[in-house]
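Each of the next two complexes has chain A plus one more chain, namely chain B in the first and chain C in the second.
After this line comes the complex of A and B, so read on.
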């Protein structure tokens, strides 16, 4: 197993759970590829602006960010992990709130129906979601955001292929 | 260093069974459940006894009974569900005496459960009952009961939550069906499907 050292476009083998970077890439690809029953996709709302951890400087709004909190327990010899995928949908100005909420509806569908086993196993079913209250000075009150946490469980290759 | 001793293998992602599963009665879903489905094949074995026996002996086992049962908690109660959990219940449409006596009006349906002492008829049984679970590879595994009967249920309501109807559906051997004609035949199958 060769772990990615640098990530440039098309450098990652996806889908894969062989590394944390590839897990992020797999989840991001799932979000981009997901088509809702009403044929909506995230591309219609955020394009491909789905970033890991934070958006780049001077971002185009709206966008999504992904962040994982992962836990594995000795009960499964550390092979199985549970994870919380935090997805933030961010828009500006505040008229983008419906856009962000709609984008997050698609994320809800995609992440709570996720069963990915092309490499290891990733299953997502549950979630919590909050619309961020309006910010006040000195924060930018024109920024709107929705934060959702998706409960996943994984049998990732990065943990199950230990020597 | 030594890696952990574990049953995990590379085929695990394909073979793992996930989620609570779905119960079908015939071609239609039975309904929405809270929690998972439980299947108990109800097997009993007898290891033949003899004087001086000190432990169960290989090749002296005989399967004695198989009383398969699927159980779970359904959270809905449609009119179809009533006839599924009350085999032989008879629904009468229209103004029904007991409702009229209560001062209620409008179209009503009253289901009279099967009279005790009656022998059930073929149409009272559920057919093609399936508890289906999703496998990691996107395919399915199911427990299939060709003929079955809901033999037990109870209804529990609670504040701020859906109703809970605990049901038990037992298999019945239908000796008129090919593959089930011998009285010793198992009244259930475990089957793998590519699609549901």
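After this line comes the complex of A and C, so read on.
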């Protein structure tokens, strides 16, 4: 078996839940591909700047970050996961707040409608969303952010397939 | 001769409400304890404030409140507590030079992530959420144990 050493463009088969990297890729692609009823897409707000965990150094604003926390209860024998996908929309200067809020509206729509079942299963359930209050030292107060948490149920292939 | 058949649901509901309040408080207490224990392993690295000590000092849990969705309690740092700047040699500890800097806001910045003015990097140290996830099962077990104990006690009294 050849182990993947790094991710390069087009190296992932999506949608897929065959690995954690592909779960991230699937969620990211779902967000990028989503078109709202008013034909808005995230590309119009953040381009393809949807990063996992954190943006690279000296980022272009606004951007989104994704982060997954996955837990599994013993009742499901470890197969079914309850995952919290945290999406942060970050802008600078604070005049970008309406842009970030609008981008997060599209994220809300995309995640609320999420049912990815072509490989394993990812289903969107509940969500919470907050505009981050203005922060002070040591944070840059001109940065604005909106954070949303989406509760997902996952039956990922990476856990449910056995040889 | 007659047999009186009585609906005991008002007594049960009162006992259940009292027991579930105690159970929720006990579960919140588990989280509060785990949170403070985790802070002892080290926390934020802000140089301008004694962030870790101040945050640990101010972590507390609210009395449970009855809401439309049952009892609710909050564990965290109350709003409005000003950060205290580090004492300089030979001088008294004073309130922060920037009075709007609050302990809760410092914790929030580190938990949510922020562009740090000092390091000029994106910084994030999460403690509240991971501890909540790790504590979930222990909290559920505690809730069930305390609920059962108080319901059993209520039945014995009756």
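Keep this in mind: the second predicted complex is superposed on the first by the 154 of 163 C-alpha atoms of A that agree within 3 Å, B and C clash if a C-alpha of one lies under 4 Å from a C-alpha of the other, contacts with A are read in each partner's own complex, and residues count from 1 in each chain.
The rule we apply is simple: a contact is a pair of C-beta atoms (placed from the backbone, for glycine too) under 8 Å apart; a residue touches a chain by one contact, two chains touch by 3 or more.
What you see is a predicted model; the values in this text were computed from it and never measured.
With chain A as the common reference, chain B sits beside chain C without any clash. Of the two partner chains placed by superposition, only chain B is touched by A:120; chain C is not. Using the contact criterion defined above for the overlaid structures, shared-chain residue A:147 touches chain C, although it does not reach chain B.
Within the superposed three-chain model, A:155 lies in touch with chain B and out of touch with chain C [touch as defined at top].
Comparing chain C and chain B on the residues of chain A they touch gives the larger count to C. In the superposition on chain A, A:78 makes contact with chain B only, not with chain C. Measuring only between alpha carbons, the smallest separation of chain B from chain C in this overlay is 8 Å. The residues of chain A shared by its contacts with chain B and with chain C come to none at all.
The part of chain B that touches chain A in the complex is made up of residues 1, 3-4, 6, 8, 12-14, 16, 18-19, 134, 136-138. Within the complex formed with chain A, the chain C residues making contact are 46, 48-49, 98, 100-102, 105-106, 108-109, 112-118, 121-124, 129-130, 133, 136. Put simply, chain A touches chain C in their complex at residues 54-55, 57, 59, 65, 69, 71, 88, 92, 132-133, 135-140, 143, 145, 147.
Listing the residues of chain A that touch chain B in their complex gives 77-79, 115, 117, 120-121, 123, 125, 155, 160, 162-163.
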